[in-house]
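Following this line, the structures themselves.
Consider the two complexes below, in which subunit A is the common component and subunit B and subunit C are the respective partners.
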Partner chain A sequence: MSKYDAIIIGGGHNGLVCASYLSKKGCKILILEKNENLGGLVNCASSLNGFSSKILDDLKIDLPKLNYNSYVVALHSDQQHTILQENNNKINFIKSNASGENQKKFSSLINKYKIYASTLSNFMYEVPPRLKSGNSKDTWQLINMGWKIRKLGKKNMREFLRVIGLNIADELEDNLSDNNLMGLLAHEAILGSNLGPRSPGSILSLLYRQAIQNGLFASEKYDFHQLIPSLEKICHNQGVEIKNNASVKKIITTNNQASGVILDNEEKIDAGIIISNADPKTTYFDLLGTEPLDTDFIRRAKNIRTKGNIAKLTITLKENPIIQNIDKEKMNAKFIYAPDINYIERAFNASKYNKYNENLCFEFHHCVNVIVANIYYVPHVKNNTHNKERLIQHSINLLKPFISNLEIEKAELLTPNEIEEKYNVTGGHWHHGDFEIDQMLMMRPFYGSAQYTTPIKNLYLCSAGTHPGGGITGINGRNAAKKIMRDKK
Partner chain B sequence: MNNKIYDVAIVGGGHNGLTTACYLAKAGLKVIVVERHDYVGGAAVSRELYPGWTYTNCSYVCSLLRPEIFRDLELSKFGLQIIPYEGSATMLDDGRFYAHYNDHDLTYRSIAQFSKRDAEAYDRFGRDVMRQCKIIKPLLKMTPPDPTSFAPKDIMGLFEFAKYFVAKDELGGLGEKEIYDTIRFWTMSVRDYLEEYFESDVIKAHLAGSAIIGTALGPYSPGSAYVLLHHYMGEVDGTIGAWGYSRGGMGSITQAMSKSFQSKGGEVKVGSPVAKILIKNNRSYGLILENGDEIYANKIVSNLDVKRTFLKVVEQNQLPEDFYLAVKNFKIRGSSGKLNIALDDLPTWKSIPVGDPAGTGDLHITQSIEEMEGAYDDWKDGNWSSYPYVDMCVPSINDPTIAPQGKHYMSVFIQYVPYNLADGGWTEEKRKKFGNHVMNRIGNYSNNFNDIIKHAEIRTPKELEAEVGLTEGNIFQGELTMDQLMFNRPIPGYAQYKTPIKNLYMCGSSTHPGGGVMGAPGANAAREILRDMNKQIESHYI
Partner chain C sequence: MSQTNISYKQPLLETPFHEKTREKCYAHDWYRWAGYKAVNQYTSTELEYTSMRNTAGVVDISPMHKYSVKGKDAKKFINKLITRDITNIQPHQVVYALWCNEDGFVVDDGTIFCFDENNFRICSGERNLNWFEDTAIGFDVTIEDISHSIAALAFQGPLSCKILHMLNANNIENLKPFCFDQFTINNQEITISRTGFSGDLGYELWCEPLQAHDVWDALFSFNKNYKILAAGLDALEMVRVEAGFIVVNADLMAAEHALRPNRMRTPYELGLAWMVNLDKEFFTGKEALIKQKNKGVEKKLIGLDVQGDKPALGSVLYNESKNEAIGIVTAAMWSPSLKSNIAMGYVDKQFMKLGSKVLAEIYHLEELEYRKIWAQCKVVKKQFITLERRNAVPALI
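And now, the complex of A and B:
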């Protein structure tokens, strides 16, 4: 008899959430984390407003909210920045060169998407149904999903079915004329994806962002530094064992059934259930090995698109940064530089060929004298051939025009390749795989592995690579736990 | 003054307008086709544009034309003959070429010289694509059901649609895995799709060509795999995926249709540009021509693209506001150019030996998918591609009727060419420069091409628009992207060939299933019109 009911590989937020749910039901869980600290990619995040409030309620977590009015600044090279703020689902323009009509249309576009996003969010807390399993429960769930879309009403449903395949650039150009606003919304749509503003499907990616967040530019945010400690505390209280610096080498299977893991130090731990919070590719190719899998399955697993393209730059300045035309009180804003659609598209063009050009897009936050920026499109490249010094210089050059006193004490950059290595995420992809129609719902991560299950009995997935997708929501972990509990019965 | 009232008047005599016309005439209706030019054919035309040479100056090969329509309209009887060709090829800079033959073993060998593994994968690829073709074929003939409607017709339609998916495997339904594959196929980029099968650049580039022709998508854009299907599902004489030349040029197709139509008592009025569609109380009742003549008809069918129909020949105040806006936002982008070249001699290629059957089909110039995507990047910036994807053919090898004895006609299709150039509009000078740019590229791959050019007609999207009337010169009358396919095509809620105006229908490629010399939109529109009139005819298609 093994000591644990289940082992969770990876102590990211989804692993912790999954452990919390399972241990609540009395399961004895062991979490194995490769790094010294828990949290995984959460450590790469700079804000948190997408964590599921349902999970917070379920687990009775009281996550402190940050109660300041945060602004969003769309930087412009002529220093005439657009400043806006979202309060109670309403977007206020503090300062903008865009015409009143443009501002109105901008808000109405976001409100339109909000309706569709809430339809999508209906599906997020369900284990996605299979399309043709012959099981009446799946059929019923599918009909139910169709009904929810129908409930949008004729006009909205038509528009919904149109925009899910559309690209954001077309939609923006049809409705707006202000470059800065168009760039801002395009940025929100494509950040973290492998799409350009003109790639079909970029609206869907925006809808997903909206579905998991309280508001696209919402000011109401959680203090994300508290998330992982809170989850850790719950786990401890519920008797979950957590082992840091424990890198899993292999998942042990016997008779097509997972039975334990072997650590890097050759220690062997048995458990009835193994849950992988690693991304699907890592799970199948590194941890499990392809031996027990059939060819078609391996091919499908290989074909998931997991190329990351965001680099994280952290710079420490000699003094607090000053940005022209931005008051001190608005310095806690999220700053975005994606000046217009064509600029973004050109930056994207280079990333398609695994290159980057000097004119990249970025967003950053700052806290005292530290600036944390996400620079994209910096593609994940084979053999990590980035010239890092140059990349850092390019990134700093991008910030230079906006920060008048940019005197750097220290600059650190994490390329997608380094993110891959540090957090064990294939491709360094934020979301463990692109969110596109062919990689969502019952097709996430791919057919045969979609309902948190795998072809190996008692081996489950709970990472962002599963439905509903990436972002710090915790829903993947929760859904996986539900599925496991159901299977156990 | 002609004061009789027709049952149906069709604006525009392209292949779809003529197809609709034939079916309606067959049902005994009194039909008139009103055409702007002095000849019918739209984008399926062949004309003597240089003495002795018949230029097929828009669409250039035939495959998609539905065989049922072929039979219903008795096109053979009216002179149409399709000559299948035996292969196609992609020429490479290094002097090699990849050839695709109708013969399986030859193709296998041709692939194997680049990659043994790809040659093995080819059968798997062929099988998978054919399966997708089989799925989509019945959908072409279908009037897209409105998923938002509760009308019995739409619910039945949805049921019909779901049938393929839901039916038990033994009854020809799809397996669960195939359903996922289908969804992926419809939404993926052609690059991603091909990479799941092949490793060699040239094979991928050769196959990806069909996915970018005529679209404003690159091979890396999600949704481009579907366009591949759009070009793959054709057939010639029952051979799926085969292509052929129409003897006498593509114009023979529309000529045969026109003859078939007239034999059923139909009337064709050429040289009569339509100025406006007459509408009163939200009902169309006739046409007013540019010369002021009026033609009255109970039903009007527009073969024009949806933008031209509702922004040019229908007054804005006749349309509901959101419909008008939706039409304005319809995506129809010029991305293709065409050269038609009269040659003094047979062009020979540095790589393909004379007499190789692949040389008689379409020849592509492209090195890799990456190069094609680069060509698309240029287009996005408002420039013509520095390394355009070139798809050319010399139909006069198989069809001696279109050029003088011993001379040849070459059709060159170019992807990508913008409708609006970034550095100001098109000028005569830029057009020539563009033509030379393409001819230089072709010249690099040929032994004699530069020396045998007798005359070249250079067509940018501007010329395609001016001559054929296709908005922005888009060859499909609208982008084939997910937001404009099936029940979204052309406008969500108006995908059933009807418009907000009573008695006004659409039958062009702007409607489902889209562009290509297919005839399906025309035949589907005819079916809807006949249904509205409670008429039935015997046919293979309807």
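And now, the complex of A and C:
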């Protein structure tokens, strides 16, 4: 008998959540984390707004609530910035050059999306149904999903089905005329996915992000520095063993059944169940190996779109930054620079061909004298051929027009390639795979591997690559744990 | 070959034997095969067929797709690809194999030549590079499309061994079926395998494009006494139906080509259960094939002995009370050797047993009018013709 019921590969938030749920049911769990610190990509995230409150309740985690006035600033090169405030899911204009009509339309667009997103969010906590299984339970679940969409009402359902295939640029151009507002929404739609504003399905990507993070802009609700330590504490209390600096080399299978792992130092650990919190491509190609997988399956795994395009820039300034026309109290806002749709699309066009345009988009937060920015589109390139010095300089040049006292003490930049390397995420993709209609729900990560299961018995997935997807929500870990418990019965 | 770019902008490519085949092709009846011009019929299909069964026929099969598989994991890769087990394959052996997709449906079939542990060649009817490369992910192999750099002839018929022997192919009569070796013919060192598509004694000759003319001329050098003929694809089609061999995209839709899911076929439905080794640790489609084996097939490709002399081309098959369509014919012909009307086709489960009786609805065109014939058919083995000389060692010289 092996010492552990299950091994979880990767101590990211989903791994920890999965371990918490499973150990609550009495499973003996071992978590293997490659890095020194737990948390994985959480360490890279600038906000944890999306972490599921249901999971916080389930696990009785009490995170200190932040009393933020959640401002969002859409920067404009003429320094006439648009300032919005998101309060209880309601968006108010604090300052904007947009006409009253534009503001009204903007609000009604957002309200429309809110309804659709709440329909989608119904599906988030369910293990999605299996297609073509012939099982009546799966069929019922599919019908139920259809019914939930039907419940939107005839008019809304039609509109919902119309927009999910649409690109965000078309929809915005139909409704708005203010470039800054259009850029702002387009930014939210494409951030994290390898899409441009004119890519089909970018509206769905926006709806989906709203559905998982429960709100349009990522406004801070909790002090997320406490999240990973809290999860770690729960795991410890429930007898979960955690091994840091333990990189898994291979998943061992016998007779098409997972039976253990081999670490980089050749140590072999057995367990009845292996749960991989690595992204699907890493799991299948590096950890498992393609030998026991069908060719069609390998094809689908190979073809999931996991090209990351966001670089993370952290700069320490000599003094607190000052932004023209922004008061001190609003300096804790989320700043976004995506001035208009065509600007974003041009940056995206270059990245499609693995080049980058100097005119990139970004969003940043600031805390005292540290600015943490997400710069996109910086494409993930083969062989890591980024010229980092130049990238840093370009990124700083982007910030310069807005921050009048930009005197830099230290600047650090993580390219998508470095994020890939550091956190073992294929392509350095935030969400382990684009949010697009063919990579969602029962198709996430791809047909044949959804529902947290794999073709290998007792090997499960719990990473952001599974339904409902990326963002820091923890739902993947919870759903995977539920599925595993159900299979065990 | 200098021209290997296949494009709609340029005419079809010519095989290394083209100058020779053109000379003999009185009918100018060409056919498009994998971007090449290939001969359908030189003079008369029946004559060419007769040569393959009575003397020997030469078929230019150069357009066939050929892939070289090299590397440390070559054998492991092929074992994952195909449904048969080649763990014990020896150098100079050839294996006929099928490969399936994850649902157990046949992607293609072909012959696999083993040069050594780490060096194989796969010859197939359809393009497979993409399928092979995706199968090879994670294996230490290099797969290369070498279709254009190898010229090939099928040399089939009872006199084939005798003529190769007279051309001083050393010890050719002792080459066993499904084996190959190097031989020198007309001062050209070439590869000869005892394989073929005729169900008869026969060989396939593999050489470099530059050797092609010499090899071709050598085969015809005793023609004063032996009358071997160049044979086109129509004649080859006749011998293959008699032998009961299947052709992908004629008798079944390749899984990668079929648009409708119920058009694909598993090895069990093709009556090729012997080619599936479920004891092997893993191959693509294994799980689906285990399921099908346990469940049994709903329809099967069988042979038909058809009443009368009108080929049942494309006929729908009915039960004896003519009220239910129970199958379809995929290939049909009048067999000159058997003096009978034969066909291959799919029938439903209850008619799969040998000896079952079905009816073929034949529409026979007679001077611009169709005559409808209900022909009685008996379900028989696909392999209509079995010739002792095919597998005899030493071969007939």
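Here, the second predicted complex is superposed on the first by the 486 of 489 C-alpha atoms of A that agree within 3 Å, B and C clash if a C-alpha of one lies under 4 Å from a C-alpha of the other, contacts with A are read in each partner's own complex, and residues count from 1 in each chain.
Please note the rule applied: contacts are C-beta pairs under 8 Å (C-beta built on N, C-alpha and C of every residue); 3 or more make two chains touch, one makes a residue touch a chain.
No experiment lies behind these values; they were computed from the predicted model shown.
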Next item on the list: Superpose on subunit A as described above, then tell me if subunit B and subunit C fit or clash.
Entry: clash
Next item on the list: Could you tell me if A:Asp223 is touching subunit B, subunit C, both of them or neither one (first, second, both, neither)?
Entry: neither
Check: Which partner does A:Glu241 contact after superposing on A: first (subunit B), second (subunit C), both, neither?
Finding: neither
Note to self: A:Arg299 in the overlay: touching subunit B, subunit C, both, or neither? Say first, second, both or neither.
What the structure shows: both
Check: Given the touch rule stated above, what does A:Ile437 touch, subunit B (first), subunit C (second), both, or neither?
Finding: first
Item checked: Which of subunit B and subunit C A:Glu418 touches, first, second, both or neither -> neither
Check: Which partner, subunit B or subunit C, is in contact with more residues of subunit A?
Finding: B
Notebook entry, point to check: Does the superposition put A:Thr290 against subunit B (first), subunit C (second), both, or neither?
Noted result: second
Margin query: Which partner chains sit in contact with A:Asp487 here, subunit B, subunit C, both or neither? Use first/second/both/neither.
Written below: neither
Note to self: Counting contacts the way the document defines them, which residues of subunit A are shared by the two interfaces, the one with subunit B and the one with subunit C?
What the structure shows: 299, 448
Notebook entry, point to check: Can you list the subunit C residues touching subunit A in their complex?
Noted result: 76, 80-81, 101-103, 131, 134-135, 137-139, 282, 284-285, 287
Checklist line | In the complex, subunit A residues that touch subunit B | finding: 130-133, 150, 154, 157-159, 161-166, 170, 174, 195, 198-201, 299, 303, 305, 342, 345-346, 349, 352-353, 436-438, 442-443, 447-448
Margin query: With touch defined as at the start, can you tell me which subunit A residues reach subunit C in the complex?
Written below: 256, 285, 289-292, 294-299, 302, 448, 455
Next item on the list: Sort out for me which residues of subunit B touch subunit A in the complex.
Entry: 147-149, 165-166, 174-177, 179-180, 183-184, 187-188, 192, 195-196, 217, 220-223, 328-329, 331, 370, 373, 377, 380-381, 481-483, 485, 487-488, 492-493
